[in-house]
Amino acid sequence: ASASPWVRAGRDNTFKIGFVSPQTGPLAAFAEPDMFIMEQVRKLTANGIMSGGQKYAVEIIYKDSQSNPNQAGKVTSELILRDGVDLVIASATPATTNPVADQCEANGVPCITNDTPWQAHFFGRKGDPKVGFDWTYHFFWGLEDVIGSYTNLWQKLPTNKSIGTLWPNDEDGNAWGNTELGFPSALNKSGFSFIDRGRFQTPVNDFSSFISEFRKQEVEIVTGVITPPDFANFWNQAGQQGFQPKIVTVAKATEFPQAVAAFGPRAEGLTVEMWWSPAHPFNSSISQQSAAELAAAYSAATSRAWSMPLGLKHSLFEVALDVLQRAGSKDPEAIRDAIKATNLNTVVGPVNFANGPVPNIGKTPLVTGQWQRKGDKLDLVIVENSQAPMIPLQAELLPIKYS
Amino acid sequence: MTRNIVAAVVAVGLVILAASLPFWGEAYWMHEFVMVSCFFVFAMMWNLMAGYGGMVSVGQQAWFGLGGYFMLALANLGGVNPFVAIVLGAVLSTLIALPMSKLAFRLQGGYFAIGTWVMAEVVRLTVANISIVGGGSGTSLTAFRGVSRALRENVTYWVALVAVVATIVLVYLFLRSKQGLALQAIRDSEVAAESQGINVARMKLAVYLVSAFGCAIAGGLYFVSNLRISPDAAFSVNWTAFGIFIVMIGGIGRIEGPVIGTLVFWLVSHYFSDYGTWYLIGLGALAIMMTLYARQGITGLLDRFLGVDLFPTRRVFVARKVEAKPAPAARVYNETAGVA
Amino acid sequence: MSTALVEVSNLNAFYGDAQVLFDVNFRLGEGETIGILGANGAGKSTFMKSLTGLVKVDTNSIRLRGEAIGGNAAGEIVRKGIAMVPEGRRLFPSMSVEENLLMGGFAKRKGKWNLQEIYKLFPILKEKRNQPSTSLSGGQQQQVAIGRALMSNPDILLCDEISLGLAPVVIKDIYDSLPSITADGMTVVVVEQDVNLAQRCSQRLYCFQEGRVALEGKSSELSRDQISEAYFGI
Amino acid sequence: MLLKVENACKRYGALQVTQDMSFTVNDGETLGILGPNGAGKTTLFNLISGDVALDSGCVYFDGANITALRPHQRCRTGIGRSYQVPHPFGNMSVFENLVTAACFGGQVSEKEAWEIAEEVLETTDLKPFANKAAGSMTLLNRKRLELARALATRPRLLLLDEIAGGLTEHEARELVDELKRIKARGTTMLWIEHVVHALMSIADRLLVIDFGKKLAEGTPDDVMNNPEVRRVYMGVDA
Amino acid sequence: MIETVIHGILLGGLYSLFALGLSLMFGVMRLTNIAHGDQIVISGFMGIAIAAAVNINPFLLILLLVPCALVSGYAFQYFVLNRTIGKDPLPSLVITFGLSIIAQNLLQEIFSANPRALDTGGLNTMGLNLGGDTVVGVLPLIILVCAIACTFGLQWMFAHTALGRSFRAVSDEKDIAELMGLNSARVYSMATAIAFSLVALAGLFQSMRTTVSPTDGPNLLLFAFESVIIGGMGSFWGTFLGAMTLGVAQQVGFHFDPGWGIWFGHLVFILILAFRPSGLFPKTKG
């Protein structure tokens, strides 16, 4: 994997990091903290970093995937072939991380990604657990975490243990609904009954057929991983048709404050997995901020509420800088080996690729939270932590209230 | 005649020069060329349909995506060499286009346009429900794992070059053949064409199928280079949007149109694609402006003001002496040819 | 001769690049009935279309009471008082008889003609007023077309081959209705292929040939041979 | 007998445009067709050339039933036609118009088509316009092109719809001379024309149509002396 | 199953509002507006933006937005689309397609890609028990009633008013209509104005009933288009029934397998195209 000499035309004492993120398009909410984080990193690396006894400048080249996997692949090859980056990082959903990682793998460029459940990343790219990948590394939680956390959560309230599921036909839905690797087998094991009407094609205008089925089967828990508009439809129509589950735990749709705001008062009581929050007891390895301080700095700088990708984006740069400092040179293999040897405490928790469930994967902790009313505002608080006991609970799980 | 030879020599020289790029150029140039050539082939095919066949389709992404998916399925599941799979995939896509054309031809004009779009959606939804190619999540092309980067890059580049040259040459030869005459005649008047012995229905079907084949080649090539496919990306209507923009900006109903359009498109995307949405807004606005104020596109303007005609397909009558072959590069009339 | 109501001078008309009318001169006096003869494709209909604004021509080539109206939009010209019964009737197929007539009154000019008057002129239309216009016989359709043109209360009525495709008896009926239309001084131009009819109903005749006026004169004074020559180009 | 039309019927909505029309045309014969406007003459041509489908009845060409054939197939069997309203291939040159017709209607190679096209250009005096866009020509030239293009398909039966309208006396005579030459080569012709004297000078027989029905058929003199024809068509009281 | 059909009919109500405008524009001008779906989305976003700026009842929004749409539709037809009308469908297709792309990206630029909904003050979650287990939403019911009213209104307007006559006149015989004193450019603009008002209504309902996001347009266009073709061109009741058919088909599809619901709707469209190309309820001339 030797690139032609022209690609290496960049100055020898600069580390170039290519950063791919869905700045525009349907996934743009994931990229909201990007500018803040990059600004932070630029300040922290303004004087360069030391690596192998030599001082290197750090340059970040930011590319927009437009929430489109084709574009993600295209900009990655641009980063590699035109800009000659030394390291590619990317984040947020398989639609971004998978094509980016595929390009890096094919072109022999080190790559670190996060914020995609690791199964969707590893198996979604047709990875072989025996072989793994050469160049691409990923850290995030996996299905086993979300399954563990959710099933534990649902046992905290008395219910009939009947679950209605909403798994669309996309990267996440297919992984979560997978009979062996996903929820179904786990739910069976832990004594829940569930209704899976099959993978549906989003967007869906009308969920009546789901709702009447759920009502018929007296479902008290709803779970799924669906997009905000689909969930809005579901939730509105559930209201119309008088379907009143006790617990609603859906990923994606209720992860972001703005999206939740769209549901108005009916957002209160919804539960969702949490990959990061200001309450996580971790500190940044580069800015030394605690999670809470990071969130506060973000809100102060942007006057926006914190969201989960903030911590993930920050941690991505933490790992990248750590790797480059340890690499000692711009040699791709040296950088790759440095990634492999990563063992870093970041603001989202410890990152280590050596003891992942499959090669190239490092795991970060996961808990579950609930949108609860604090005064006139909704706040996401941790209500379940069985998968990551080091993260403290903030509140008790409450059933959804209906007027 | 001599001008003809000179032109041919220059063209062959250019192709040879281009073919040797892997030995002296940058990998990035090759990559860029592959991407652009997919758009170019796609635009040529859209031009063939709309500019010559009078069929405005908004559903060409169906064949682009199918080409990609067939290539990937053949390569991943069937172990076929991906480059061979591109061609096989295009053949399979064309087979699917055959029954679809029967439905599409029931609609005319604007309804044909949206009807083809619906059919593309049907194809997308169907593919999204086939789990062996990853369903809605899509899948990665694994056939290249273990193949050296340089080899993959070079061969992909050469295949793209062949696709581009073949598209230009074949379309050009087609238009200079008897069938090309028929196509132009149909564009001007279907009734009269039919009464002059031209089988209009068969001709339109042929154009539809050739166009499907070409789009599928472009799709296969694109995903060989992009390595990852998903239904939403492969069957995105944006492919057709870009095709239309390229053709309308370059000039519809001429071979030079897509050539120049692609050049403009490449420049614009090279310098502005980082602007995301604004870049698309700009392209759309440019196409609208061209449609309103210069319907023949840039080539139409060039022809009108400079008399440039790179790919003469017109037969010129030379009194008292009948030539076996059309004379080259001569200008015949001032009026620009185009969609009637 | 009466004062010129319409004065056409050096009128040239084109379809795309093809010229159809060449330097046509024509005048129309108040209250006159004029016949226009000519072979197929001589440009008669094109001339009528130029007068009504359906074919765009030079502004000054057509003057109505001295005002240059050439090339005005058809809608404006009908408001100034020129209405046409188009060649081939061209009724609105999706409409009933009465709706067709109402469309004619769209310009809302004041005058004698209204639905009642039309029904008085063509009693059969009253019976059929709610039928789709397409269900009528050719002659009845022609009556609708004439009635529709009259509904705008024009000063000048242009009739383009109103006998086209009609049985002789029906043609007779139609032409018999002309006097009651011209009775209150309406000016009428009739395009006709039938020389006899044209000669009988008009005071003056124009013969068109190849887009030019080949012959012009009083109907009563022109001989059949003269007309034949202009007509057939013999 | 080259063409036989048998009980042809066609109606458009309530309008019966062709009513039970039957006639035959012999090989090499020229049949003139007359009739008032809207009588159904052009429609009859459309039925023969296949542009419009028959409601009932049959068309035979050279002994074969061609009723079910599509227009392009009929053209290839040897029926060439011109349109009353010219339909040139407007963006192509006159020459290309002819080459196209020769290629497809005449089913020859393009090389041969070039020769045929040149020959036709010669006979129809369109040579000066050979490289002119057909759409930009004057009406008369477009009408001439209609004839030329029909000729280029090398038809055995030529359907001519009002090609002499608007010609000067001199031009009309030249046209007739040319048609006579075409006739001399054995081409059968059907000619719709209002320029009666031109028609009379070449037609072997005349067919008069009124309201979609055959009004009269016979030698030119017989037909022109038919009082009914004089009344209906010439507008002359016999 | 009955429940499924009822939900399908309610969905069809929304679809028929989408489709009426498209049907109108095609009927009068033979013009296919590819940006139709995006205009629905734009109206939804306008409603949301206005509601966010001034606290206003969503139904008052209709009174505010529909006149806006009327004016903008008129201007759009008069200044842009009228230039493209002709035998060749290409220019209008390219222009509306370009507009569609521009609209989607502009919306994304202004409102971000997040889907949004118009707050209906709880109306969107109100249900009505029809006895047994069948519960239907109040809002979908309102939409259905509104769709029936609009269909009836359009049909009546076409049949009995001078405006309707002028629409039919320019659609039948443009030249002759001008000869009667109509200004076809204005009539066309009027048609587009009405189509846009319907679109605005549809957009507001869409954003109340579900959410709108910048890239929703194409799907809405396809549903509208399918409704028109299934119903058969030429009458508004046909379009309405076509929308019902599509709604029911999609719901039945969802009922059997959620992965194939939309696909099933498309399938019905394709079957109609294959076996009854003139649609299920073509206009019968009486």
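Labels for the chains are A, B, C, D and E, by order of writing; each one numbers its residues from 1.
Everything below uses one rule, namely that contacts are C-beta pairs under 8 Å (C-beta built on N, C-alpha and C of every residue); 3 or more make two chains touch, one makes a residue touch a chain.
As the structure is a prediction and not an experimental result, all values here were calculated from the model.
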Contact-graph separation of chain A and chain E, given in steps at minimum: 1
Most remote chain, CA-based centroid, reference being chain C: A
Between the pairs C-E and B-E, the one where more C-beta pairs touch: B-E
Interchain centroid distance [CA atoms averaged], chain C/chain D, Å: 31
Chain A-chain D separation of Cα centroids, rounded to whole Å: 76
Averaged-CA centre spacing for the pair chain E and chain D, given as whole angstrom: 49
Overlap residues in chain E, where contacts from two or more other chains coincide: 108-109, 259-260, 262-263
For chain D, residues that touch 2 or more chains besides their own: 135-136
Per-residue overlap in chain A, given as positions that touch at least 2 other chains: 24-25, 169, 199, 201
Contact pairs between chains, per stated definition: A-B, A-E, B-D, B-E, C-D, C-E
Chain C residues within the chain D interface of the complex: 15-20, 39-42, 88, 134-138, 161, 164-165, 167-168, 193-197, 209-211, 232-234
Residue ranges of chain D in contact with chain C within the complex: 13-15, 36-39, 135-140, 142, 162, 165-169, 172, 194-197, 211, 231-232, 235-237
Touching residues on chain D, where the partner in the complex is chain B: 49-51, 70-73, 75-76, 81, 83, 87-93, 95-97, 99-101, 103-107, 109-111, 113-115, 117-118, 121, 127, 130-133, 135-136, 149, 153
Chain E residues within the chain A interface of the complex: 3-4, 7, 11, 14, 108-109, 112-117, 119, 124-127, 129, 133, 135-140, 209-213, 215-216, 219, 250-251, 254-255, 257-263
Complex interface listing, chain B residues touching chain A: 26-28, 31-32, 35, 76, 125, 128-129, 131, 134-142, 144-145, 148-150, 152, 222, 225-228, 230, 232-233, 236, 274, 276-277
